[in-house]
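Going in written order, the chains are labelled A, B, C and D, and every chain counts its residues from 1.
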Amino acid sequence: MTGTTVAPSAVLKPDAVRRSRLADPAVGIWLAAAAVIVLGWIVVALAGGQLLTRTNITIILSNSVALGLVAVGQSLVILTGSLDLSVAYLISLGTLVAAETMASGSVLTAVVAVLAMSAAAGLANGLIVTGLKVNAFIATLGTAFILRGWIEDNYTGPAGKVSASFQHLGYDRIGPIPVSIFLLAAVAAVLWFITRRTRLGHHMYATGGDEHAARLSGVRTRRTVVIAHVLCSLCVGAAALFLAARLGSGAPWAGTEARYDLDSIAAVVLGGTALAGGRGGVLGTLGGVLLLAVLDSVFNQLSIDPFFKNVVRGVVIIAAVALYARRGSRRTA
Amino acid sequence: MTTLLSMQHVSKSFLGVSVLHDVSLDLEAGEIHALVGENGAGKSTLMKVAAGEHIPDAGTIHLDGTAHRFTHPSQAQAAGVGIIHQEFALLGHRTVAENVFLGREPTRRGLVDRRAMEERTAQLLAELGETAITPRMYVRDLSVARMQTVEIVKALASDVRVLVMDEPTAPLAEHEAGLLHDLVRRLAGRGLGILYISHRLREVFDLSRRITVLKDGRHVTTLLTEQTDTNAVVRAMVGRELSAYYPQRARPEEIGDVRLAVRGGGNGRLSGIDIELRAGEITGIGGLQGSGRTSLARALFGDAPFTEGTMTVANHTLRPTSPRQAIRAGIALVTEDRKAEGLALRQSVRDNALLVTRAIPARGRRSAAGSIGQLLERVRLHARSGDQQVQFLSGGNQQKVVIAKWLAARPRVLLFDEPTRGVDVGAKAAVHTLVRELAREGLAVLIISSELPELIGMSDRILVMADGRIVGELPAGAGEEDIMRLATASADREAVA
Amino acid sequence: MIRSRLWAPSALLLASALITSCSSDIPPDSPAGSKGAPDSGSDGKQSKFFDQAEYKKQLKLTRAAPEGPDGKPWEQMIEPKMADTAQYKKKGSGGIHLCFSNAGVFNPWRQVGLTTMKAEVKLHKEISEFTVLDAQGKDDKQISDIQELTGKNCDALIVSPNTTATLTPAVKEACGKLPVIVFDRGVETDCAVTFINPIGGYGYGAVAADFLIDKVKPKGKILALRISPGVDVLENRWSAGKAAFDKSELDVVDVKFTEGDPVKTKSVVADAISRHGTIDGVWMDSGATAVAAVEAFEDAGVDVPPITGEDQQDFLQAWKDKKLTAIAPTYPTFQWRTPVIAALKILDGKQVPKKWKLPQPTVTEDNLDQYLKAGMPPLHYAMCGCENLPGFPEAWGKK
Amino acid sequence: MTTATAVWRKRGTAALGAGAPVYALLAVLFAALALTNPDFYEPDRFLAFVKRTAPLVILAAGQYLVVVSGEFDLSVGAVVTAGVVVAAELYGSFPEAHWLVISLALLLAGAVAGLANGLITTFLRVPSFITTLGMMLILEGAVFYWAGGSPHGVLPEDFRILGRGSAFGWLPWAALACLAAGVLAVWLMRSDFGRTLIATGDSERTATLSGVRTHRVRVLAFVLSGVAAALTAILVGGFSGVSAQAGRGYEFEAITAVVLGGVALGGGRGSVVSAMAGAFSLQALFTLLNLQGVSGALESTVQGVIVIAAVGLGAANWSRLRRTRTRSSGGTPS
């Protein structure tokens, strides 16, 4: 599973560079999302509905926020060649901590507390993966179990109370645009910046691409992985804060019932990030999230059986990735 | 000359097994210092200690007289020690510039400065006279030789003063090796100290000022190149004279009828291939890297099949479109990249040796499974037992396992792509003898080699390739010059690849 | 040059646009919730869900006689305080558009309930459109769903909240726009026109516990099986049960979570038996895994002790076939009919109780046969009051 | 690779075979069980334990085949749930159906699901993590869509006998099934198929060039995993009857078990026996926690810690190997 073996093609293709830029999945997924919007609009219109009303746009966007925040964080970890299955429980715990701290203390302390806790969780994940050399899948699954036990042992239901001022994050909007979108945008922008413009970002791609090669080139691969995990968990913390603001209190199942763990991974891969790491980026992930949100809204409009939704989701995810595989092969062929 | 790098009394052991024992070595500015020794002699370990990839148990490392204790490659780099590994440390999905500056990205106001990165890369490439590579190309699109160049640029970019090169010419063809040699000399000319590991004694003698010989983790001797000769060095390496390097060639009566023939074979990379492989004969394929030698082997083996022309195997018309078909037809291919394509590294010797017969349980698998012992004996494999994982074997023994794997399948035609790459001198001879024996038993053998002495020494006749065609045939014992002349006749057109 | 000249005004324009269009869907004030205390095992202290007053009230209600038509428990109400609904009377004629935000159909109870509700809707010709949005158990989605429905010109909105606390803001928001009917789980606001639910968790838990206290000899070992922590309704059931047991002679030796998974249930019971030698009574906070528990005793070669379950078909069947000593307090699925009825009353300007308490019948030895209907699917809930609804029994899965 | 380093690496390996940690863990857990409640080893109690564990063991064996070939199968949980629901549905429609027919139908269905996983993963080159994740959504969705939310039929006794009943009155059929599956798996891994499967997981390229039909081999692994999941469904359905969430969480438990058994995610290393031992230790752990009366809530915490610790322990011994492995796959130009 580690690294990409460098397979040199005997004949150098001068246009390879340009084509590989064109074949960038990030572009593809946004086009796909656009297509889904258009198609959805038509279908819903035929069903006598209206997809792009003010409310729906608001809803589509605010539904993208939570998953979006988690997914962009997740894409960092996956880029670096790792994985995080503990996000769902971390969100739940985050909402609880947020709500409870706010019930007693100030909003600021709550935000700090949540982010601090998330960072700690991320640090733990990172250290277990790099230090104990436990496969990320198992390591984060383990931390997920640990968090779960902690939650179930300490909380018997919704707890805490989010101060009214903070709930603006969950409910305010500018025209049809929920303010929470700006939170997502800001976080995504920062992460995009980190991955593309900073050394850390380059090292993430390197570590994900070929851990050994990166290390030989003097990259502190372990440190990179740990940082990636911390950043991811911080995003999860942000998602938790948003959900807390939206739910008005902490909920022990806020993260798990929405399956944020698997959904975020799905969104990341949908966005064209290679599960093996080393390729992809934050922008694609956002596209993936939007696509899923639009699909959901369309299903709502057509009031499709919830069970059938899952079928479609599954098909979409597989089909998309299959498409990427084809592209990739055509490029390196 | 001033001493640049000095390693004194270095020892290193893993889990109590000593790999390096009290080895001392020093390197002067502007010196090319060759390091030779059989596989397992501890060359690589020593180099890795120098480059900060291993932390020595004992001993000191001085650079310009100041003591260092590296715990991570980046520290060694910062101190000015660069290393080029046999296996490239390159990222296929990143650009040349990104690779060159990996781990040392230049920054402006905390941000990576792509501009600077690409300009500097271009500049360095220009200095090396490398025009075909541009900083924005993806490494995955480059040829091996060019990757090698990128590796060197990578080292230079961190303006190292000591450059460690671990068998840099192993993947290169003669004339590319030639270019590399010039490059290395120029670097030395600039005052860099170069530690040069190689199995190719000839280039060692061409290049180096001094030669240090290691054996079983101990320092045997350090000789001034002009005051010694090949035999002396080989003696120091293996502790014995290697009298006859290559076994007897085939006598005419030993050469039988045609086992495999291609007429007008061609595909994306090959064209107009006419070739006949005869029982008992070893046919050598010469040519430059990328001239289509490997492509030919892969085509014959059905891995990258011919798309045109006719092919007959043992008088049956058959153009294999998959390795499986080829194997069924009695063709076997010993690939050049043993670790990635020849072996399942974490499986036992037995499992590897039986892989083919298990994949295709057709002819004589029972006996193969039963006679695994004889099989290993047959290839003179000194494996502790058939249960040992092949990743623990030396390069030579690994190669023997690969050969055993094919012998178990009872092939009629045996294709070797770089049969002795990364194999130490002692094992080389063994492999050569084995290959000749197989020919004597009536197999048709084809050998591709970048090492001209090996090619000439082993082949009963030599076909030279260029541009995906066979450009000429030479009789046994042809000179290196003849081969190079044919191979480079169209070298200018061969520039890409 | 040009760009710079254009920049300032356009920015101003944008800014002003934003300010003017800036708005908030946030409700006036926000919900309350309180710290979840560690879940208590069988020691004295009660979980945060225990509300002495409410507990007493419910016990009283269980004894009170419901008003309303006999044999139609879904139209009955206990100690109602009527609220005037004139302001909601639907002007003009034309079909009624009823909307329903469902927490989800993630368990058979909700399956039966939804089927029942849909059938109820069929009964009323005046309902021209019935829109259901399913939140698949996601609070966040249900909030959006409610927002979406309020924008769908529904005449009335029925909400079955996924969570008490977290849905409060959204429901408040909806209350401002149209008549809202909340049922099953409550929300922490009384802005809804009516809140429909059966007597509640305390009643359920108490009935079950009292049954065991009555049937099991003193000092008997009780095993309490719970689905999972944190679900308020279930927490109430347990805290009531616990309150009863604490007063009694019985000894609750184990409180275990089964996650509604029969496999886990069987393991838990089997382990409990081997750990405590014997188990003299089983208290369950819901019937989902009752049968599994019964089988666990059989498999262990032990007689099945007195056990409490729910009105789930498979349990009633086992009860009858195996002649168990059992009782099945219910959280009746017929409550899914009431919201539709209430909605029509409201839109007609008729009075409805502010808090519409439905009776909470219990299945006992005596009336077992009345509720056990042959051929119904194993996960069907008998207390659905759906026998005379259109499509019965096929729509409820009888094969 | 130097012969000297070879020596110490070999010792390292010999010291702890792939599965060693898991057997230690298993021994410790069983010892703990013996101490905390002695009659755990009374035949019927122990057999009950085996019966309860059988489904996970079979699931782990199937998962092993996929993992050792370098892939994942996250869909097994969904297959189990689907299996139980489908069985109930079928009985709802054909109450008189013979249990053998239904069982075979399930096994067939499992095989088909596995086949789909395999074909998508190999021929469409979709990472198996995604393929099976999608399959999970599809199966759960489709089955409940079909059943309208919850199954309609009852599982009759004759169908449930395999999961619940015992042969000769004392030996649970489940235990026999488990044993049979184990023997079959071991035989399979010694067969040509097994060896080529591991080789494929170790180095697909090498396998291909040695004439292995790697696609076919992998697909077969997925199919077998699907069948194992279906068999699990039969046992679970039999053990505890109709349920709408029979297989919930099984996918992670199975993978955890396999990894506990020292099988490397990524393929090419580990034995099926230790994978099944992993399943046993996992179930033993649950039982121990139950018998210790650990608060239901805390169980998962303990489980998480132990899993990480055990795997970490295993990993520590492999760290060196892992390095060489990354190197050999680290871009040797061909």
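Everything that follows uses one rule, which is that contacts are C-beta pairs under 8 Å (C-beta built on N, C-alpha and C of every residue); 3 or more make two chains touch, one makes a residue touch a chain.
All figures in this text were calculated on a predicted structure; none of them were measured in a lab.
Tell me which of A-B and B-D has more C-beta pairs in contact.
Between B-D and A-B, contacts are more numerous in B-D.
Distance between chain B and chain C based on Cα centroids, please, to the nearest Å.
Measuring from centre to centre gives 72 Å for this pair.
Can you check how far apart chain A and chain B are, centre to centre, with Cα atoms defining each centre and the answer in Å?
It comes to 44 Å between the two C-alpha centres.
As a quick test, compute the distance in whole Å between the mean CA positions of chain B and chain D.
Distance between chain centres, rounded to whole Å: 42 Å.
Taking the mean of the C-alpha atoms as each chain's centre, how many Å separate chain C from chain D?
About 37 Å separates the centre of chain C from that of chain D.
Could you pull out the residues of chain D that touch at least 2 other chains?
Correct list: 149, 295-297, 325, 327, 329-334.
Please set out, as single numbers or ranges, the residues of chain A touching at least two other chains.
In chain A, residues 4-8, 152-153, 210, 212-213, 309 touch at least two other chains, as defined above.
Considering chain B alone, which of its residues make contact with at least two other chains?
Touching at least two other chains: 88-90, 92, 144, 147, 340.
Which pairs of chains touch each other?
So, checking each combination of chains, I get A-B, A-C, A-D, B-D, C-D as the touching pairs.
Which of the residues in chain A come into contact with chain D in the complex?
Chain A reaches chain D through residues 1-8, 128, 132-135, 137-139, 141-146, 148-150, 152-153, 210-213, 262, 265-266, 269, 275-276, 305, 307-315, 317-318, 321-322, 325-326, 329.
In their complex, what parts of chain D are in touch with chain A?
For this pair, the touching residues of chain D are 70, 120, 124-127, 129-131, 133-138, 140-142, 144-145, 149, 252, 255-256, 259, 264-267, 295-305, 307-308, 311-312, 315-316, 318-319, 322-323, 325-327, 329-334.
Mind listing the chain B positions that touch chain D in their complex?
Chain B residues touching chain D: 13-19, 39-42, 44-45, 86-90, 92, 144, 147, 171, 216-217, 301, 303, 323-324, 327-328, 333, 335-337, 339-347, 351-352, 354-356, 358-361, 384, 388-389, 391-395, 398, 405.
For the complex, which residues does chain C have touching chain A?
17-18, 21-27, 29-39, 47-49, 104-105, 131-134, 136-141, 143-145, 147-148, 150-151, 163-166, 168-169, 228-232, 235, 257
Please output the residues of chain A touching chain C within their complex, sorted ascending.
Chain A residues touching chain C: 53-56, 58-59, 62-63, 66, 96, 99-100, 103, 152-164, 167-168, 170-175, 243, 246-254, 257-258, 296, 300, 303, 306, 309.
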